[in-house]
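Both of the next two complexes hold subunit A, though its partner changes from subunit B to subunit C.
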Partner chain A sequence: MFQQQFKIRNEKGLHLRAAGEFVKESSKYPCDIWLEKDKVKVNAKSIMSVLTLIAGKDSKITIMTEGEKAEEALKNLGRLVLDGFGEK
Partner chain B sequence: MSENLQNRNEIILNGTPASPGIAIGPVFIIHDELHVPRYSLAEWTVESEIERFTIATEQAKAKLGEIYVQLANNAYQDGANIFQAHLMMLEDRVFIDRIHHEIGSKLINAEAAILDVGEEFIKVFSQADDIYLREKSVDLRDIIRHLISTLSGRERLDLSMLEEGVIVIAHDLTPSDTVLIRKDKIAAFATDVGSRISHTAILARSLGIPAAVGLRNITAQLKTGDLIILDGTHGKVILHPGEETIKNYQVEQEKFYAFEESLHRLTELPVITLDGHERKLSANIEFPDEIYAVKNHGAKGIGLYRTEYFYVGRDDLPSEDELFEDYKEVAQQIAPESVIIRTLDLGGDKFASYLGIPHTVSSMMGLRAIRLCLKYQDIFIPQLRAILRASVYGNIKIMFPMISGVEELRQAKEVLETAKRQLTDDGVPFDHNLEVGAMIEIPSAAMTADILAKEVDFFSIGTNDLIQYSLAADRANEEISELFEPFHPAVLRFIQHVISAAHEDGIWVGLCGEMAGDPVFTIILLGMGLDEFSMSPQVIPEIKRIIRSVTLKEAQELTREIMTLSTAWEIEKRVYEEAQKRFPELLAWGQ
Partner chain C sequence: MIGIIVTTCGKLASDFIETVEMVLGKQELAEAVVVIPQDSADDITSNLKAAVEKLQRSDGVLILTGIFGESCCNFSLSLCRQDDIPLRVVTGVNLPMLFKVFTYRSMLNLDELAERACEGGQEGIFDATERIKVSER
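On to the complex of A and B.
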């Protein structure tokens, strides 16, 4: 299992479009992926679950991956978060 | 009317006028609340219930997909993006599994299961402090509504139940409602929320039916079938009107019809003064779907196509192709008449957050419009390329907003040349004779109009900004609203100077601010020599009627007279006097 904590950087946080991007990316990997915030852990391949984390700007989220291509998934998803989902 | 003749139950709601006219009739209420059937299942029917849910999900997806395509084709990209997100929610594994589980474990029907699971999510979302996330609960409600109505075989808006002449009442009309509504059956619209530029308002105006918006809680005060009077001209709705009130409004309605009828007869007639001088009346538009209204009201082309719509309310910049498709569509629709596309006037009050510019920096007198475009050419060039590419499909002209002097104008033209060179190198065709104009809305540009005239094919005077800049009166500040004075002698002298300087150099001048569509200004603008008046499509017939009923000589005389007056008050009084004498009905019914 791989895991790492990230800070949400973009102004709007994990809003609909950003969550959509995240879910689209995580769905590309065969491994299990979870997202955790404030001890709530959800399936990172479900847009509704990701949205329920209510992760606004500056909140800290942990990405966890396990299984095939887990390391690659963590790296690329982490980059997406650090890039602020391509937003300013 | 006297108090005792009114029905005591009459309630008057004051909202925002969205589209003029009067409607009297029964209402049809589009409710947001759901009426959800709830019943228990026998264990052996669980599987078929889940099957029923799956089919409904597929149908809802197909329907959303259809709406998505319709909206995307009509260039409602904002609306289309919302539907795409809805589709993603409908495909969400966790959401779907939870509903399956709810049906199986609690032995309840699919509608009830969707509602229960949906409510759990909505509860989480609506507790968010963050507005972006909180708004998701609204999207989710829409999804749930779609699913449940598909399951129970009932549309949210059952079109077969719409009787002719109903007034449609809703909290707000969504893009999906307005796509689905049978337009010929509806007498008027009224909504709880909204402004003059909300979707409902634009739709109503383009259909030419009355509408009032921003009525706060009208949906809560009525039930389907109740009779109301809707006065779209004044944004007023009267609930439970008494007989006397209805009679009075029927008289007003007849007057309005007669007034409209007289204006519509004008649509085909030329815009020509009594002594034979022709002028051009064109339309200001913001959305492609306003073209219907443009043609309907007899406008000669589009004098101002605002292009900010594509850039606001989204997370990224529109692509060149997206813009090209939109401009091409408008150019083709309006051909052989012309459309003047104003390049991006972003910043100031229209602000796009993704540009990463702090709001304070981008004030009305800060980094906006052409200044912003010259600084961020990666935003400007794709728009110019899109306009150029579209120019072979019709008659397109281009104009630059917020020009303050000739250097800036030359810089903008230089960027346009760069875009042209790029297209030439790529072998992409464009109209090499595309006319280029400058908007005159800053006093420094107005004063140097003689210099600017040598660089462009036409001017378009933007009076809204010209007034606020020349009087240093912020038009958004209510404390000084009395200083925002279109009749100020300085404003009128600026306009006169610009028109004279342009004519001196043989170029034509249009005016696309509020003044162009305000009947009280028509005669003096005509007298000053204005060539083109560009305004909201709806007011075109009124302005046409004024121009057709005076001679240019009379107009020039009145203009000369008011130019000698010293105060805005004297000028206004004199102009109103003249308008009242000639067109009392226009002042009463005008928008």
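On to the complex of A and C.
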């Protein structure tokens, strides 16, 4: 299991479009991927689950990956979060 | 993969698909059938049939409609009794249902996806203000 905490940087947080970007990226990997915020852990390949975290700007989320290509998934998903999902 | 048809009275159907594609990217095997007041029964049936025809290479087609009893739903149900390709009709289409369906349609069979659509649509409806109050306690 790989895991790392990240701070949400973009103004709109993990809103619909950002969650879509996250899910599109996480769905590329065969491993299991979860997102955790405030002790709530959800399937990071389901957009509806990701949205329930209500992760706004400056909130902290933890990405957890386990299985095939888990390390690569964590690295690239973390990069996406740090990049603000391509937003300001 | 299961093909998806969204059909509604008015252009909601195409807007729904547009929103899904805005978030998840371009979707294959997905069609919108918009029904307008001027459409005759034959128009609606032939538009639905044309959409099903475009999804022939899918592993069945899930038709998502607005309200049970409206024409889009009724003519979709008529197709279920006629077409060779397996069809299921689910009413009450909303965005939570759509995202659930587009997420799982390559992993589930048609019956399972219809069930997941109903769950997703219902789970997406709640009093968000109350939900936040509970989570902040």
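Here, the second predicted complex is superposed on the first by the 88 of 88 C-alpha atoms of A that agree within 3 Å, B and C clash if a C-alpha of one lies under 4 Å from a C-alpha of the other, contacts with A are read in each partner's own complex, and residues count from 1 in each chain.
Keep in mind that, in the parts below, a residue touches a chain if its C-beta (ideal position, glycine included) is under 8 Å from a C-beta of that chain, and two chains touch if they have at least 3 such contacts.
What you see is a predicted model; the values in this text were computed from it and never measured.
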First, second, both or neither for A:46, with subunit B first and subunit C second = both
Query = Is A:1 in contact with subunit B, with subunit C, with both, or with neither (first, second, both, neither)?
reply = neither
Task = Compare subunit B and subunit C by how many residues of subunit A each one touches, and report the one with more.
result = B
Inquiry  = Between subunit B and subunit C, whom does A:82 touch in the aligned arrangement: first, second, both, or neither?
reply    = neither
Query = Which of the two partners, first being subunit B and second being subunit C, lies in contact with A:17: first, second, both, or neither?
reply = both
Note = Intersected contact list for subunit A, partners subunit B and subunit C 16-17, 20, 23, 45-48, 54
Query = Can you name the residues of subunit B that touch subunit A in the complex?
reply = 81, 85, 88-89, 92-95, 121, 124-125, 127-130, 132-133, 136, 139-140, 315-316, 353-356
Ask   = Where on subunit C is subunit A touching in the complex?
value = 22-25, 96, 99-100, 103, 120, 123-124, 132, 135
Inquiry  = Quick check: in the complex, which residue numbers of subunit A touch subunit B?
reply    = 11-17, 20, 23, 42-43, 45-49, 51-52, 54, 56, 86-88
Remark   = Within the complex, subunit C is touched by subunit A residues 16-17, 19-20, 23-24, 38, 45-48, 54
